[in-house]
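In what comes next, subunit A is part of two complexes: it sits with subunit B in the first one and with subunit C in the second one.
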Partner chain A sequence: MSAVSERVRRRGEALVRTRTSVITPVLVVYLALAVLLVAGSVLVGVQGGVLLDHGGILNILTRGTVLGLVAIGQTLVIVTGSLDLSVAYLIGLCSLVASETMAGSPGMIVPGVLAALGVAAVVGLVNGLVITVLKANAFIATLGVALVLRGYLEHNYTGPAGSVPRAFQHIGYDRIGPVPVAALLMLLLAAAAWWYLRRTRTGYHMYAVGGDVEVARLSGVRTGRTIVTAHVLCAVMAGLAGVFLAGRLGSGAPYVGADAGYDLESIAAVVLGGTALAGGRGGVAGTIGGVLILSTLDTIFDDLGLESFFKDVVRGVVLIAAVALYARSRTAGRSA
Partner chain B sequence: MSVTHVTQGVEHPVAVVRLEGIEKSFFGVQVLRGVNLSLRAGEVHALVGENGAGKSTLLKVLAGVHRPDSGRIVVRDEEVSFAAPRDAQAAGIAIIHQEFTLLEHRTVAENVFLGREPVRRGQVDRRALETETRRLLDWLGEDGIEPGTEVARLSVARKQVVEIVKALSADARVLAMDEPTAALADNEVELLYGLVRRLRDRGIAILYVSHRMREVFDLSSRITVLKDGALVTCAPTADLDADQVVRHMVGRPLEALYPERASRPGAVRIALRGAGNERVRNLTFDVRAGEVVGLAGLQGSGRSAIARAIWGVEPFTTGTVELDGVPTRVTGPRTAVRKGIGYVTEDRKGEGLALRQSVRDNTLLVRRAACRGAVARQTADLTRLLGEVGVIARGPHQEVRYLSGGNQQKVVLGKWLAVRPRVLIVDEPTRGVDVGAKQALYRLLRDLADDGMAILMVSSELPELIGMSDRILVMHEGALAGELPAGADEEAVMGLATGHGAVA
Partner chain C sequence: MRARPRLADGTGPVLVVLLVLLVALAFAGPAYAEPSGYLALLKRAAPLVVLAVGQYFVIASGGFDLSVGSLVTAEVVVAARLVDGDDANTWWVIASLLGCGLLVGLVNGLITTKLLVPSFIVTLGMLLVLDGAVFLWSGGAPRGALSPSFRVLGRGSADVGVLGQVPWSVVVLLVVVVAAAWFMRSGTGRMLLAVGDNENVVRLAGGRVDRLRLLAFVLSALLASVAAILLAGFAGVSAQVGEGLEFRAITAVVLGGVLLGGGRGSVVAAAAGALSLEALFSLLNLLGVSGALESAVQGVIIIAAVAYAAHGAGLRRMLRRPVPHPA
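This part shows the complex of A and B:
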């Protein structure tokens, strides 16, 4: 009898424990987003504008779409304990592959998209293999691949190329109320990625490899394959971002990804979303929060008409504050 | 999982695993000499021996990490050979290491089934994952652990349980536990006892590697003693007593490796009065100028914790420390250096040296950090220093990672001599060092003592400790268990260190 009551008590304790740990980074991110939206509304309101009107929501979501796509992929590699710095040039390359394959013909839309995603997958495969087979550090490996891509783009393109048929440009502009269709697609992919990380074996193994490669290996996880998978998926997400940008711009542009700094921006969004840069913890839900915070900040700055210098300073401060906050809560959790 | 088919509490006379005539050598050094070991279902078999006796090599052979040069491994009457650890795992053999193979930020259930997650309709069957884990925990009588709890939130003892459940979930029938109590707090040891007994009652064969006589006699039904890579004895625990086991473990002649001891010690250089912190308690002892005082004890007994406390890495929180008669508070390594305390750490490559830097940069590291003044003056007597410690290198610009272990250790000593400490603490000074260099290091330490330094030497190698020390302090579970004079025998030291009481 006492064993049973002991058990009940223990279960109770466990429940209490989980209840106290409800303050997860994900919750913090969305709280921060809510605070930001309120504060932004007030600030913009003081100047006589409205932050969350039709145009404002549209603006936030449109900005968030491309970054969201890239950051979802980046989340997968960072959770796995890796990193991808080649996404920015890959976006440009994929926008070109898509638009040049389509060449203005509606019948070529599907082949164009597939070609772009295929190229992206190959680049991701190369990233993954350089890291796992050649044992190159992920930072250097993907930086190297980024340089190779830049070299190719610089040598072959001077500006926009190819053309996207009008039918495909709809993907960039169609919307339901204030919500762009593309943003919905991005959120759908985020949900898929969430499911993948949280519910599939490969997802479990990504957390394991990011948490401790050696432990994962000794437990029978195929660590190399897991890392390669993460990189391929990350590259495909960057490819999608490139295809979407081609649709929005009407043609491919070599530096569309690099100019917007999507490599570091996506890493910033992931880290802002509470994913540990060392890997092993975090997830897509936080990342989307991080993306929305960054795009909301941009929208607020636009509405306030602030200089871009000030904008960058604030973004930098927000990022550092977030990382410091997570580091703090983690050490506190360890000593508890 | 098929662990349920084990008939409860029945002792099988047949061995689940037999190792027969295992020989293994590394680089021409024979580490195992024809060792036999058999493990029966439902028994706790203790494996004991001094450091370097070959216990861990034997474990690694059992785990499939090392292949024996000769000898047979027989699992359930079938000869097998393990090419890799996973072959041993497939044969039902699991090693519970001192360091756990757990992911801190995943749940208990996720860790238990890592790499073997049950899948249903394309996704991980989380319900099966949790119920299976709970079933295994219940089977072990460990229902205080929730499958959904993050491992980082568990105590060390509970992590150990998770590690064991992880092995059981892979159908382990043989568990080899390497010093399982080393990481546990005193009150957790009893819990482990209960767990080991329940595993035994459920028909698991347990190989229990430990130095601690009390645990060995509390738990085991048979004891195997290894010494210098050879089997000394394997007998039922009931037929042995702790004195006999300790005698089997030790008792080799001391070689003429050690320099003459000090004639007469000088004034007290460092004095501890009731000093303690989280890991050690109530320490009172002196070390005098000219003395080498040995600090003995088992792994985790607090011998290194004393060193770290004196040097301010984890400072004492109670009691006082006096340096040359002056009460001193050492709050961190930097103060320690300023006050004239040097510390040659146990982990030479990790903490002692900047491996990719030169002999010269390493030697001058402490002096540059601690003293102001022109770089020229600091480097002036580098050659003299290197000569004094006898470093053999291509030159002062060679990177230390290319030096032998002995020469690396001399660089570490040189680094401290550069600031002439009053008190020098050396932790495992000759680990991974060949015999010739050992002798040189012993000579050097003795010369330093003769020059008036007070030396506190931590070592797990008893012959070295006994050969070098003018006095030996023995630690047991965070407190001083006793003090022995120069030339005490190994049995006396082991007796105190294992908590078995003074034999001498």
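This part shows the complex of A and C:
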């Protein structure tokens, strides 16, 4: 018992410490984003271009929309101490479900979206139940579900299928000035997720479960229910990303999520945003910063006309460096 | 007291699964009526088994290595370009591939232990770097060709008296598995497993935790290089050769009953897991299940394996419960 109460005390102290610390990872992320924007503008400017013109802003936000949707969901599960490797194939599956249900008729838009989100919710439920009821490690559980989805897609589809009515394609392309409507919707959902994590009981429970499952259980949190909720919400966000991509591409594409590597990419964005992979620390605000950093990097490389493969190298280095920085500041805080 | 050869904990179930699969293969296909069929299976499975052994070291010590798949791809593409079809280049290229593996393992291990970055992130970053670097260097499509002597390891055979033709890759496989099993019985090997179980205890007991974890990453990357050499010989050069291998190796290790998070499981079981996976794919193939469903089957299996590991003790107790006798 005393060991547990010691852990409770330490969690409490950790919470207090994160409150009082001035240099939070979120601040670091947005500072890094600002530095990146300035440096990128200079670099692109030297070559005679402008980074943040109409097209540049549009490019950054469009790239960030899909990754942002997935990463918001991924933040919820990672904060809860879990992770979801099945999102990439789920995106492809949902784009297919949406476009095949719509089948080109404007009347079927709402059923199509609902069907896709329903399928996503079921997959999230399966993820959550495999983790909580079968007690499988989250990595293995969601990897297993990802492989099952991949097998289904490979067995049933060879290429794009279904078609999206013209009216629905507006969601992919409409914009207000340089800002795509879909990006605004994504930011709105990010705000909702922020509110959910910071202002609701279930949100607090997610941090508690991610911090220490046993302590949360002993404090009366229904840990299983919390984990399942996080996974369902994450899957629904991935489903939204799939629906959005269907709207942009005009049809469903089985490997649209896997080819872009949204599973590992979204985890990278979340971790880049200062959320601890072990759970219990971090949030949506940092994640959006991480997403914007990644999409800004992409845009800068495009403007500079660098080889796209160079992006991967820089991205890998940035990811490792960022997490090393967070780890360092955390240990420094502990010893102080 | 006499030391009795004994199976490590948790090796039993996967060996049973493997045996069942091998017997089923014999019934399913005429190719498996004689030893050569099984030798071909071993040859096919060799790269995955070698990778799984490497992954075992990292997982047993409490980490992940997601970079092995892209390391395999990178080394195959690099090898093709450097060898360029010339036999004279074979040996120094093989040596430099192993050197590259060593370097990648060292970087993975040092960043994990010195910069305190979770290994999932480090090796994910390494995956991105390797993927990007190899395409940057090769310009998107692999160029060059492997020399015949390079490909011998992957697809050639050695004459071994009684057994007839034994593929070199099977020899490599046996050497790797035996060496790994021997290593895990040594003091260092036991310490490695202890790091995965409870790092603080090892540290308090005077073990060099960082050095042990570094060793695990180096071994994993070195064995990935060996797997790359075997795969290049067996399957030839392509830019997709290593795709998904990291997850397949993790699946194999988990199938062998090795706990993610470390501290439990044997290396022989991990190798048996890899062999079972390959045997299962062969069996599905013989039964006419489409290759597209392979990954779905893989998915169901790893969930089942982990669920069994979590609930196995309870299940066994239920099965063993004595049947009440009628009075």
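Note that the second predicted complex is superposed on the first by the 316 of 336 C-alpha atoms of A that agree within 3 Å, B and C clash if a C-alpha of one lies under 4 Å from a C-alpha of the other, contacts with A are read in each partner's own complex, and residues count from 1 in each chain.
As a working rule, a residue touches a chain if its C-beta (ideal position, glycine included) is under 8 Å from a C-beta of that chain, and two chains touch if they have at least 3 such contacts.
Keep in mind the model is a prediction, meaning the values are calculated, not measured.
K.L.:
Quick check on the superposed pair: does A:Val215 touch subunit B, subunit C, both, or neither? Answer first, second, both or neither.
P.N.:
After superposition on chain A, A:Val215 lies in contact with subunit B alone.
K.L.:
Based on the superposed arrangement, let me know which partner A:Val323 touches: subunit B (first), subunit C (second), both, or neither?
P.N.:
After superposing on A, A:Val323 lies in contact with subunit C but is clear of subunit B.
K.L.:
When the two structures are overlaid on chain A, which partner does A:Thr200 contact: first (subunit B), second (subunit C), both, or neither?
P.N.:
After superposing on A, A:Thr200 lies in contact with subunit B but is clear of subunit C.
K.L.:
Answer with first, second, both or neither: which of subunit B and subunit C does A:Ala136 touch in the superposed model?
P.N.:
Second partner only.
K.L.:
Using the superposition described at the top, determine whether subunit B or subunit C touches more residues of subunit A.
P.N.:
C
K.L.:
Quick check on the output: what are the common subunit A residues between the subunit B footprint and the subunit C footprint?
P.N.:
Looking at subunit A, the two contact sets are disjoint.
K.L.:
In the complex of these two chains, what residues of subunit A are touching subunit C?
P.N.:
Within the complex, subunit A contacts subunit C at residues 130, 134-137, 139-141, 143-152, 154-155, 264, 267-268, 271, 277-278, 307, 309-317, 319-320, 323-324, 327-328, 331.
K.L.:
Note which residues of subunit C are touching subunit A in the complex, please.
P.N.:
Interface residues on subunit C, with respect to subunit A: 64, 66, 111, 115-118, 120-122, 124-129, 131-133, 135-136, 140, 247, 250-251, 254, 260-261, 290, 292-303, 306-307, 310-311.
K.L.:
Under the stated contact criterion, what part of subunit B meets subunit A in this complex?
P.N.:
85-86, 89, 101-106, 110, 114-117, 119, 122-124, 126, 143-144, 146, 148-150, 152-153, 166
K.L.:
Applying the document's contact rule, which stretches of subunit A touch subunit B when the two form their complex?
P.N.:
Contact set of subunit A toward subunit B: 6-7, 10-11, 14, 17-18, 21, 195, 199-201, 203-205, 207-208, 211-212, 214-216, 218-221, 280-281, 333-334.
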